[in-house]
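Residue numbering begins at 1 within each chain, and the chains themselves are lettered A, B, C and D in the order written.
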């Protein structure tokens, strides 16, 4: 037995323990919490922070968070939503509307926004599932519901039309910079807030996966008819999936509106926002807990670093990003999280182990 | 003609499932026409007929995959025709599928747990029910494998385990023995008998005639969407209409 | 009145409660009752725009019908068509009308290339993978155009002027674009109905297994269809360039509207694409006139959602060509 | 002419055929019978390249064909009437027939063959402009058969050509099959209608659980107790 095998075996023993997910979660989030400091460590005269700024880290965690939220609906129940920008935009707009026009604290506003998004999600779900939309048709319907909002908002003076909202100063709603105001004077606290969001949605995802709800979700994804034949009310559970997913996606939008200075229909409801929100989950591995997080750490920095590196040629970053998208769906249709097992299969095949199946 | 009375006095047990005048039309095609039958508690009924006779369509009408266009189905006196499949399952009727439908990326035990959650929301409890039923069908040693990786024979047993995890009063089995080796078929027959002893009624579509004739208390024969015979197995195989439906030929055709 | 047919600058809708939703429709009905001449003018604009819209959806519906792939790169294919026509007319000095067939050829080759590199390898994969792959293609081509030709809007130098017919004002650029669109649609229809290749494409769209049983080389039909679909986008883009300014990002709106038309008319249906194009064109023109800002687009999406829910097979569902 | 050796095939990871050996000689009518789920349709689909075998080989006139895509197999002269028909339901009868001709030879004789088919199946002549999907089951079955014949097959594979048909139409299908055979076409057919099939077949194979369990001449099989047994279990 090689060392590699014994390492794997002891990992397997650990993995079988009941506390294993907890330990893994703690390790992962501790690492994430330490990241802003890790990137500043000077290694042989080069520090990671030169390319990987705190801002990039924040964006990465934002998209990890939205992808984790998207995953609850699309990864778990298998209903591929291509319109999560609707929920994201609702989150951003409702929070800002309440904040700017009514001076309602963003933490409270965010919850209201989440509920509005969940209701919108229920509407989309109730209509689409009742009429049994599937595959492309469902994806296009969700996209239409998102695009619809973009044009509605653009044309509503109550929501300041195409101009959008400019984030007010804390004093405008009777607060001071800090956690209560949801505004900070530097980026580090922002990072920990979104990391906290990610922690919450990850814990909830984990709880869903480990309850009958998650099992019903997966059963629906695998085969709705088979699930129904043993008593799974798929319509109801698909609606639960949409509502929860929409709620958390909206909180992501709320965060976005508090981190950046402005929101406009063309940014938070953008056609491409729909893709950005879900992409980490598809790249990382839809339906898995770690996939959206790993996926975001692959996708977002590539896009952001390309953007900051090729500033002289406007557009080159998107060519790289586009090529990256094509490559990843062609070579890794099941997501990055399948790589370790694929690597193991390859390794075993190299060693001439015939037991391993092709998949 | 052995198209005898469904309510013949010699049948034991209470009537559990009643199919009355059930018909199903798919755009222009009359797949089922005016089918009557009953299943009593504790009975094993075989449903046979040549390809395209409408057996699976009848299963689908009973289990709520789609509503019949005419007629009613009642379970313990409650009308279940027209109810969605999950409500039929919750009323106490479970089924398996002709082409197995494992929840491929779930493990074997999780597949059975989906059925068990009909009774409990507690994961541990569902797991215990599931493991018990996997043990019953002989799959407990493969509980943690992905269902998609099982052989056909094992998938069929898994479907059985998943269905009985809902603790049904009646179980509809659609060609569950097709593709099994003779030993596997024999084991399956043993499971059917045990299920009956537990009080579960079985309605079985099967092409392995030897097996079906052997296990069934009564046999219902469908041909071209209509019931053409009902009776004890040995009576049914003597029936001219049944022989004709299977072997063909025009000379005896009506 | 030219602004009616180009996109209207987004102005926020003025407040005013429910009246703002009702008033425009009341105004419209009043105009209809009074038989205002403006209606005829709007109808003409709607027809001009709708015909071209139908053409933008044609290639998309073919690819969707034959391969069951949503091609997000379709919008940027239109843009490539626009730039091709612009390039040959401004730098080489060839007439834009000659530029349009050139655009078709360029797009045919590009389409086949894109298909072989990105779609064919994952044609059996989950649908979202094809969607993301074609989005990647969209980004690559769009950005390449941006780098080469700058993001500034371009315009084909062509002053065709306009004519008045019975009080109705018709810009000739758009009129020729409509003629090209109609001609192309009739041509494609004839191609699909009367040639062997066309019949094979229809057969493959109708029943893939059936196509394999009779011995049609399905992968070959796939890439040819993708090429032809892209070529049609080239013609559509080239025709739009005759009367409208464009930039590398113009394709987005056309893409979304093309989806609407495809679903509205029914997957793979030619008369459907035409009627769908007219409906979208009319809503945009009439909505642009009566409704403030880009509210007409809201109507289009509502119609889209309604169709998806109630009749996802579209107005001409199932009917092939 | 056609030979299957140890062919194993199935769907995804599920194997349906566990090693099928059979052959068809030039000029024969060969029947494949067996109960539902025995693997008859899978065998037919594998021969035509719709499925590819995981093990074993299929040769046609001495050349391996099991690695070829379906259109190349049709090119060689093997045409199938599939079980679920797979007609082009939104297209006209004429279009369906014309699409049946894909090889150069078949295209060259297309007009002639078309006239012949409309002559052979007068019902198709009546409905030639109608969409295939709007026709009755029997008419669709005729169309599927005619479409296959438009491909000028040397070996015609029929998968349940009489399924769901009224008795007089079943007779018509069998008449056509015999007529085609007399014109020199080799036929391999799967049928539920055992009696009728074995009466016209030179040889028959009985299939059980993904394997060939016996083979004999049609008339011998018809008298064999085990055939009755295979179907009725008595």
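Quick note on the criterion: contacts are C-beta pairs under 8 Å (C-beta built on N, C-alpha and C of every residue); 3 or more make two chains touch, one makes a residue touch a chain.
Here is each chain with its UniProt name: A, C = ABC transporter permease; B = Probable branched-chain amino acid transport ATP-binding protein LivG; D = ABC transporter ATP-binding protein.
Note that the coordinates shown come from a computational prediction; the quantities given were computed from them, not determined experimentally.
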item	value
Touching both chain B and chain D (chains)	none
Most distant chain from chain C (ABC transporter permease) by Cα centroid	B
Of A-C and A-B, pair with higher C-beta contact tally	A-C
Approximate Å spacing (C-alpha centroids) for the pair chain C (ABC transporter permease), chain D	44
Whole-Å gap separating chain A (ABC transporter permease) and chain C (ABC transporter permease), where each centre is the average of the chain's CA atoms	32
Chain A (ABC transporter permease)-chain D separation of Cα centroids, rounded to whole Å	52
Chain B residues counted as touching two or more neighbouring chains	149
Where chain D touches two or more other chains, by residue	13
Graph class of chain-chain contacts, one of line, ring, star, complete, other	ring
Pairwise chain contacts, counting only pairs that touch as defined	A-B, A-C, B-D, C-D
Complex interface listing, chain C (ABC transporter permease) residues touching chain A (ABC transporter permease)	10-15, 64, 68, 70, 117-118, 121-122, 125-133, 135-140, 142-144, 146-147, 151, 252, 256, 259-260, 263, 292-295, 297-298, 301-302, 304-305, 308-310, 312
Footprint of chain B on chain D - complex, ascending	13-16, 35-37, 136-137, 160, 163-164, 167, 170-171, 192-197, 209-210, 228-229, 231-234
For the chain B and chain A (ABC transporter permease) complex, residues of the former touching the latter	63-65, 84-87, 89-90, 94-95, 97, 101-106, 110, 113-115, 117-118, 121, 123, 126, 149, 162-163, 165-166
Complex contact set, residues of chain C (ABC transporter permease) against chain D	196, 199-200, 202-203, 206-207, 209-219, 318-320
For the chain A (ABC transporter permease) and chain B complex, residues of the former touching the latter	210-212, 215-216, 218-219, 222-223, 225-234, 287, 357
